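Notes follow the structure.
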């Protein structure tokens, strides 16, 4: 006997193609299965359907993100460890493996599994959590990277950052900033700063300095390490998670970065890491 | 027969040791030669002497800068091509070769040459000039580098920059920014961004991308090339000269960078470029 | 009641200081404990004692290496997983943490533990094994890195190398060569080729291209991955383990690199990885 | 009145397409102009025509190279400053700008200019000359780079190289080797070793270390500098010009590198440097 399932669909903002695909998915799922499907509020307005806030999709059986890596990062932040599948719009990312043409079939498969009472095959993506001294603030967990930087970019805009790994001092230099990256994020901004790629199956993080005056090579550490970044020099600095969530810091201060308790849960076909690299060549 | 000479002395702000050295130089010069010596206003307050604005020292026979490379960069901007000698405070820079211990002897030598009617042996340091479209703005010339960047540092904060050399397209990439460096500046911020060193006697400039998504190697061009940097993507960007003089840009826009008409004129002993590199090793 | 223990001591070749320290250790151990101590043959000649081949020390309760990282790498190859402690000659390496001044005390402690019947606290260092197609050859396991290269260094001397990770293609480029490094080796030659540092506790390897025409960033993989390096282009290439053990290859051919079954077993105080980095700054 | 002209044509070895194009050019020139055309010996055999040694083409009015950059580098070495035009076989290089389709028209134009008594518009490409201590050997001049290296590639195979620029010490490190590159060569092997691009019009050379233990950034110097490379450590090293001409060195020894007296003289359309870069992106 079938089980009722709940599905959420989030489409990239202001993207008509994403909205049309969302509408098709809603129609198809409601026709084929005993499901409740909700779209996000903006998509709801666009396709004339009922919309709910994205964070209200937490706890659903499945959430579908339609758009680029940016859209998926945003959805992941809102829904915690709710199972998530990423549909791209033509450009394959490291996170959203499903092409628009395959979206219907893949989502049908996943919902079919759910309504027949079976479990989805899940894989976890690590996230990084940054917290301030005395835990006076906590950033949204980062799927890609946590980055600290000085007042601004370029000469004269940097900050002195001391990096400790589980308390041991690794590096101290004036720099534009320092970033801590997950395997997922290793192919993003970390790469532009000269950091290495990390295969998703490696249980590791990487620390990379940005434009350091006394540079050390990027450092790969085991995923359960705690990185402590002590900032000094100017009056103000910033810590930022996935290039979006930003916290202003009064210096000197210390930022702790370690794995978040709650990883992101992805379902559906896995993107091929090495295929994704080809666009880097 | 001796000629009267005019000398200006600028000491690093809020640095007592620099102030004391300035006072010693004033006393010594006035005792030994037929000279008029003026200090900058802040130093004047500190050592209880008559001070004049630094830009009023333009046209003097000699200006002495006491402090780090930053002080000398500042003085150079204010006095145009007035002969300038840089005295350091212990840490040798690429610009200010004279140690505090040698300051008295070196400055005595230079003023002695002037009052006996001889010419000082001058060497020129190239500067870069950045101008906006339709010449709607012009930055203070840069001894080190001109840098354009996006709204802020790090992922999501960059800008698309197309770089043209005398009209030919060299590179186009999303990046944190792009910098154009003189030989003097090649050992400064350019180095932190992976650019090469340029020997001062080479008649060349170097263009270096910062954290580019589609990076190209740094490019060395002849010193009389014109670099055109076209910025697009976000609404706002910045262009900055020597890490100090900053111009806000509304994007898309284009910044032209080329040699300034007026180089800086240095006198006195020449710093040893290769010795200065040792601190990099 | 005490247990008899067997100890081997290997001193750096042609190094009188190492020989003297070996002699002191022999005397001290034989005086203090119920032990059988043997030195290597060359040291035996130098200090007029009975020497045995280094590989005959395999199976002893403890082997002491006196010298640089090179000496320790050599001893490790000969004795398999026999417990090993490294004494340096003043320059701390990443492997041999014990200073000459502390050697007597540390070795006394270790032998004291052995004769009282307790177990030594051991830590394992991963080694890499390289094997040819159809297992027609196998290199000595590498503590630092396995490296394949073309007929010679520089332009025109390279080789095309395709790198696969567990069968998935990561990179293919003409290059001078490619290296696979352990965490121990990450701070050695890998660093000169632009690879990242890997903290010893991270369960990871790194693959780094050497002077590739179409380069990709260094890739960090989980330690249990199998790397397959397919070489083609010239008629001849080489595979080399720890810069010493070399196998000539007729191209095209394929080299497999993965963790060796038998790690090196180190005992005694652990070198501080981050302290060791300071000489890199 | 027309002037008789002499032309040499060299086609890439064992390349039938190059041979056919050579045959077409011979026929066309002999039909259209009062010229003497000779092909190289191997091409002569292939197309059943009279062939002469390539070095016997020195002094002709024009030499045509058909093939890749390698063929042109080879021809340039043999003919000194004889005017040279490079025809590619489809893949545009930095040296041979003429496509096979345009070859007939371009060569016709050049020979037409010659027989009407006008001068060809020439441009010069700098070459580097390497000489041993006491001038006991001299390498063929290099259009791309002169490179010194140790006994072999990789860890344990390097050499200590001290680099001096006009006598001043720039760097000293154990390394796999060091290379000195022309602007032409800056986009070749130099790039793989992390060196910068140099625009052809910049009057500069670049020195780049290969896998140095104590690395310094690549150094750009004025084209008339003399680089002195002092090699020590192992018993044997090598110096090599354009990846082909190789001299064995007994260490310790010193190699001098400076501009060769005789540059290569190119005629015909100039390759677009920045277009050529696109394949690097």
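The letters A, B, C and D name the chains in turn, as written, and every chain counts its residues from 1.
Criterion: a residue touches a chain if its C-beta (ideal position, glycine included) is under 8 Å from a C-beta of that chain, and two chains touch if they have at least 3 such contacts.
As the structure is a computational prediction, the values presented were derived from the model and not from experiment.
If you take chain A and chain B together, no chain is in touch with both. When chain centres are defined as mean Cα coordinates, C lies farthest from chain B. Put simply, the C-alpha centre of chain A and that of chain C have 38 angstrom between them. Work out the mean CA point of chain B and of chain C, and you get 49 Å between them.
Per-chain CA centroids place chain C at a distance of 42 Å from chain D.
Looking at chain C, one finds that none of its residues touch two or more other chains. Taken as a graph of touching chains, this assembly is arranged as a ring, one closed cycle with exactly two partners per chain.
The complete set of chain-chain contacts reads A-B, A-C, B-D, C-D.
Listed in rising order, the residues of chain B touching chain A in the complex are 144-145, 147, 149-150, 152-157, 175-177, 179, 188-189, 192-194, 210-213, 215, 238, 240, 242-244.
Here chain A touches chain C in the complex through residues 165, 168-171, 186, 191, 195-199, 201-204, 206, 214, 216-222, 225, 272-274, 277, 280-281, going by the rule given at the top.
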